[in-house]
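These notes open a run of structures that come right after.
What follows is a pair of complexes built around subunit A, which joins subunit B in one and subunit C in the other.
The block that comes next holds the complex of A and B.
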């Protein structure tokens, strides 16, 4: 992790000071360590971590000499002052560094050879660079039994801890879960949880990156590889539309670890990752991974060579159309563009659609309002959260909101569900369809604020045009107000920028039985909203070709399965919910016969006799940027390490959620919720087996009483679209007037209750 | 060339001519190697039977020929293999690639691996040249005698 805060050396009000006989300048308020680092002088630190809040001066590693001040000063907690004269290279300072390191190592076991941090350890590196060659200590070091399981994901080795308080501060001041504490004092100090239970939460893995020694290490990565056996590749996360920047560690041909970037992207994730991003990578080697191309006919399923599978897919797509191409939310911009190119070339007339929400007309006004980036949340004095549940759906946004509130900002939330952030400020829980009331309630606070920021949930507002219009009006009427969309689909913004519409026409065409061949690209229609209708419609299509990374669903019945790389294994561009185009870079090669989607689609185009002029993802993206105004001016080089913003709005498309109609059906309105560890990725990853979440139905106590369900263990939900049966939890804090059910859990079937465009429904709840 | 110079040139020839020839009947007999000779590797165990190697892969990092592969695993109370927290679940050296530089021995923080005197490592198949942990833990079946001391030890 980068330990120093970025310093803007070209900011207007620079202060001049002297460091090691050099005349330098830095903005007022900069800490000495950061100013020095920006000018190429490394003052060693351990406890200092600007992302954790103010400095605490716990480790004394950063001592420097400041002229006119008695004794040495901690550079991590001293700001630069005009004409300050600082020395970090005197014998006195060197002696102090020696001494501090010798003390830090007094109790530190020298078990570097068996320590997972060894080789990428700040304590090791700094001892080498700044420390004494030998120690004067001959006494026994303290010993603890080791390692302890801090959780199913984190191993704790208390002997190695240098009590820098970074992990504790993360838990207390960033994630604000209050779990981690430093127990006892002095030589007995040890890291523990307050309750003595496991450290659980949505962001626990960050303490692994933060710990400057090997005291906190990853359990799934334990003893897997050493730093000289690995290759790290900067990429972005493909689990939600936030688009956190991360680093993929390759070992023996597969992704063996995911960490935050050593140089965080301060406009996006600020170096934090949620535990799903960090620990979902074992899904790349899950038992249901598609490793070989398959051809399936009435008699049998055969594993074939990739050429044969592409040939078979080309035969199916070479027949008389119309065909249809369905892109899943995780398809890259390149895959989307190649599908469009197929549809305008060899498969002329094919329908191209995305499984995600697509473009909802109700949201046009909101999207046209001035847009914000994630780091703008920090600076807002009022954050209005409309709909959604960022803690579970766009997890890292939670940390930004908490940071804004810690910094004195206010949070007002309105929406159909209670969520982990509801307690941070006034919260208006509105029944589905009545979000307008919540927006109106937040109005006065909004008008009173100077830099208000609206975070609005795409999925919730798509069906609440009145609330969306009210919100757009508020934004338009308030100077300095900005909005940030909480997107629903990983690359929904990227596919929309290409002009790919939602899937309403496509499913209707399938139902009419007119589609000859359906090609799905990272799509699982029968496990998405409207599952029941999709299942029915898929039965009427001539043939299915599935480009998929994992089995199950459509890959188990498709005539041809093309084994695809996951987002950790392929090159491509994702556009985040903040309209930031970012590059995926392959952390490892896909296993077995699998190949990146772009490669398979280009091969398919060749077989269909329409060889495109481009053969690489970079060239494909360049062609897409040239052809689609929303991507104008972008290229892999422009996107670079930190991403680039889309400037033009996406083209308007049809088929998105229309909204405005009342809820279908009878009974209670249905509120769907997502849980961070409840999706297919979390269920496939064996690392997450200890925290994985299932599906449930939640009813308020009053509602359960009224329906005679208080004692029921299982309930059946029936909507006009379908039905499912799930365990019931009665929660006194859950608002009455709606039934809450968990979406996205594989096999739970809540998707069956919904329409394809996720429009509101009512469900009958009965004991099962 | 003078006669004297020619005779001087033959001095060595004449002086060795009458000595008994020294022929060592290899492979039945082997010339003793010097103590610092670097031959086939050996992995060592402690007196209590635990392996010295903790699977730290430092030898892998040091190896210029990239011929060592270590896959570590964690010791458990039920299955304790080494004295440290981890042990080498797989330890392989590809003898065809090894250049017998001895860097692995230098890198090892636990003196777990050393280069020994044995040099007879030809096999009939290439894959048999990948020596496994079991092979390296056992003494080489074809021992080689070691000379008492260095030739010019002071």
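The block that comes next holds the complex of A and C.
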């Protein structure tokens, strides 16, 4: 992992010092280890990890000689001082490095040949570089039964642990879950959980990246590959709009592991990942993966060659229109742009829409306020969280908020649901439609703040225009205030930048029976908001062509299925909720006959006689950037390793349906919630089977009592749009005046209760 | 050789000094009354400075200087922490203070608090001192009742509270920053310094942390004046010091003597009654176990900080462990290695792994399975520990064993060749 903090060598106020007889400079406050590393000198470390807080000086690996100071100093905890004279290459320092390594290895099992870390192990590497060629240790080593399941995702080999405390500090001081502890003391110290139960949480897998030895390893990756049999590719996450930078490990043709980036993107994820992103990759090889092109008619479903499937799709799209193209939230900018190009060329007049929220007029004012990046959260003295549940929906944001609060910042939250961060500061729970009250309650906090930052939830505020306007007003009236959108859809911002609206018009057109062929691109309308209406509308379309990576839903009924690569298997651009364009790079090729969506769409254009001038994703993106002002100035080169910000606002669309208005229906207002391990990806990945979450209905104790549901195991929810039946949980801490239900769980059907534009609804709750 | 009782006032007084009225009758709380009536906090601080009193917990750092390191302008509250963890092998002097003269300690803590502008003191007492904790508990309750603790104590405008906190039996929780982490409810492990406790101690607030004996000296210094106090002892070692003498002497126990007045020989032969017939001095760890061992060559060393250093050791906590010629230095070294291995907190590599390794090698030698190169190996391991660790525990583990290996080399060579089998346990000694 990162190990050393980034150092800005061109910042003002550089301090001059001497290292190994070289005159060097670094900014004031820089730790010696970091300053040395920035100048190409590696002072070895194990416990030092600047992302975990201040140095703890435990491993003693980083000892150096500092002129004028008695004994050797830990370079991880010594800041550069003007004219400091430092040596990391004297005999005494070499003996110290050698000595600490010899001591670390005394009890280390040295079972490298059967250790997953072998080949990419800091302990191995540093021993090779700084360590003893030979040990004087002839005693019996410490033994533990091995390995233990620290959880269903992480294996713990206590013999290999070098007691660097990184994992414990992550748990205690970054995730703040308090689970991991060091038990016993001295040479008997061992990693354990406080309760003795599994280490569970939203971010546990980060300790695998942090561990400098093979003590904490990934269960799903266990014994899968050796480092010389893999290829690592930097990419970005496709599971939520935070857009965490990560690395994909390819082995035997598929993605076999996901890790944090060795060089974190400090403006985005800082090297952390949530467990969903880290362990969802087995979904690429799930049983329902679409591996071959399919053609379906009344008689049968046939696997065909890709040429034949594209031909068949072209035939359907070559008929008289109008056609319609529907993009899922995970479609790339390139896929969106190619769909638009089809609609302006061979399929002229086709409707192009996205399943995401698209452009909501109520949010225009908020989006126009000065925007922040994720690292600005660290520096805010006040974080106002309006709506949402970042811990479950944009998980890594949780770590930033915790960091801000640890650093002395205040958190005030307002919204319709209680969530894991509610306890970090004052929290106002408001019934749906009344978010304005919450915003007003949070208002006074602004006056005292100097660097307030508003995190607002796109989905919750899209239908609360009064709250959005109030918040925009507060932002405008407070100097130094900034805002960051908690987006609802993975690449919603990218598709909106192309000008692709929400799907209100498209579904209406389908219902009127006027659409000849519907092409879906990574879209599952019947599992999205308004599922009931979508199902009905889909029955009226002439034919469906589905570009999809997984079966189920539309892929099971489409006339033509084009097997598509997942976000881990294709090239493309996603725009994060902070409006940062970042590049997906394929970690592996898609399986079987599957192909990247951009390639399939270009092939389709060819077949339709409108071959575009470009044949690569880079060229496709370049064409999009030239044609769409919101993407102006961007290219793959400009985006590079760390991404680039969009500067222009996305065009306004005719997406007028999203807006205010009271809730439809009778009964209790519905509050939808999402659970981090409750979505389709988490349910498909066998790695996550131990932590995966289902759907439930939650009622406050008073509400359940009043409705005579206190004893009910299952309840039926009925809205004007549809109905579903789910298990009921009565939670005394859940506020009355609303019913809460989990969205996004495959097969649970809460989407049926909603309108296509996700506008507020009321539901009748009855025992089932 | 006269003993002089300043912190062991109870030995001078017939009554039960663990009862408030008796303590007051003996002149107790005169110092506090004087301070509250006539002295500014800075005056008290100055007296501490001027008295030259050095910390009695082991490191011997001048108390007044340490107290003056506390920032005066901190927005956070300041704390006094009394280190009553007393876990250094051979050291049992604080125990007697707490059991028989608890009010003088409480008075000292309040005075220290007054000097540094603190309103809250903590006593961190080692878990095994159950009885002493009960005595202190009762004394604290009596002090509150009598108006010697609490708000507006002794009708002044000064408030002071004392909280007693019991440790759970870890040597490392006597190390001041390990103690603070433990007191905060965390795993007791030393912190990286700086920041020092004076700047960021308990709850990251300015904290004065002192040993029981040090704090118990304070009321005397304030009542009788620093100049009087400094007439006792030598220039660099003022006042009295309690020596806890244990081991092969006829009369082990706590002895409070004026520093520099007495030699080790006088302490052992005159005060402690010498050795059993037929036996004589072999070795002594004068400052607890964490110091280099002394041989017969140094038996005339005077008992003060500077003379001990000249002799190649440290006065430390003055837990003086004595061994006569019936003892085996190799087995003692193994026992010490075992102690430090067992008590190492495990935070830093050289101590955690090194003490374990030292014990294993010594065990082999004692068991008769040693190799001659093991003596160099021991030196190599110790060389890779000392000066490279986070706290003084590991240096304390190296000091007695490194010196034993140097000063009693023949004994080690003999043990490598023949082992050092266990002997019959000895009958209890002493008067």
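Criterion: the second predicted complex is superposed on the first by the 766 of 768 C-alpha atoms of A that agree within 3 Å, B and C clash if a C-alpha of one lies under 4 Å from a C-alpha of the other, contacts with A are read in each partner's own complex, and residues count from 1 in each chain.
Note that in this section contacts are C-beta pairs under 8 Å (C-beta built on N, C-alpha and C of every residue); 3 or more make two chains touch, one makes a residue touch a chain.
Every value quoted in this text rests on a predicted model; they were computed, and no experiment measured them.
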On the A-aligned overlay, A:307 touches which partner chain: subunit B = first, subunit C = second, or both, or neither? neither
Partner chain(s) touched by A:111 [first = subunit B, second = subunit C, both, neither]: first
Regarding the shared-chain residue A:187, is it in contact with subunit B (first), subunit C (second), both, or neither? second
Which touches a greater number of subunit A residues, subunit B or subunit C? C
Quick one: classify A:149 as touching subunit B (first), subunit C (second), both or neither. neither
Could you look at A:89 and tell me whether it touches subunit B, subunit C, both or neither (first, second, both, neither)? neither
With the two structures laid over each other on chain A, which partner does A:222 touch: subunit B (first), subunit C (second), both, or neither? first
Tell me the contact category for A:60 with respect to subunit B and subunit C: first, second, both or neither. second
The shared contact residues of subunit A with subunit B and subunit C are none
In the complex, the residues of subunit B that touch subunit A are 54-58, 60-61, 72-74, 84-86, 109-110
Okay, in this complex, where on subunit C does subunit A touch? 170, 172, 187, 192, 341-350, 352-357, 360-361, 364, 377, 380-381, 383-384, 387-390
Residues of subunit A touching subunit B in their complex? 111, 113-114, 118-119, 146-147, 222-224, 226, 228-229
Mind listing the subunit A positions that touch subunit C in their complex? 54-61, 63, 71-72, 74, 77, 95-96, 99-100, 102-104, 106-107, 136-137, 139-140, 142, 162-163, 165, 181-182, 184-189
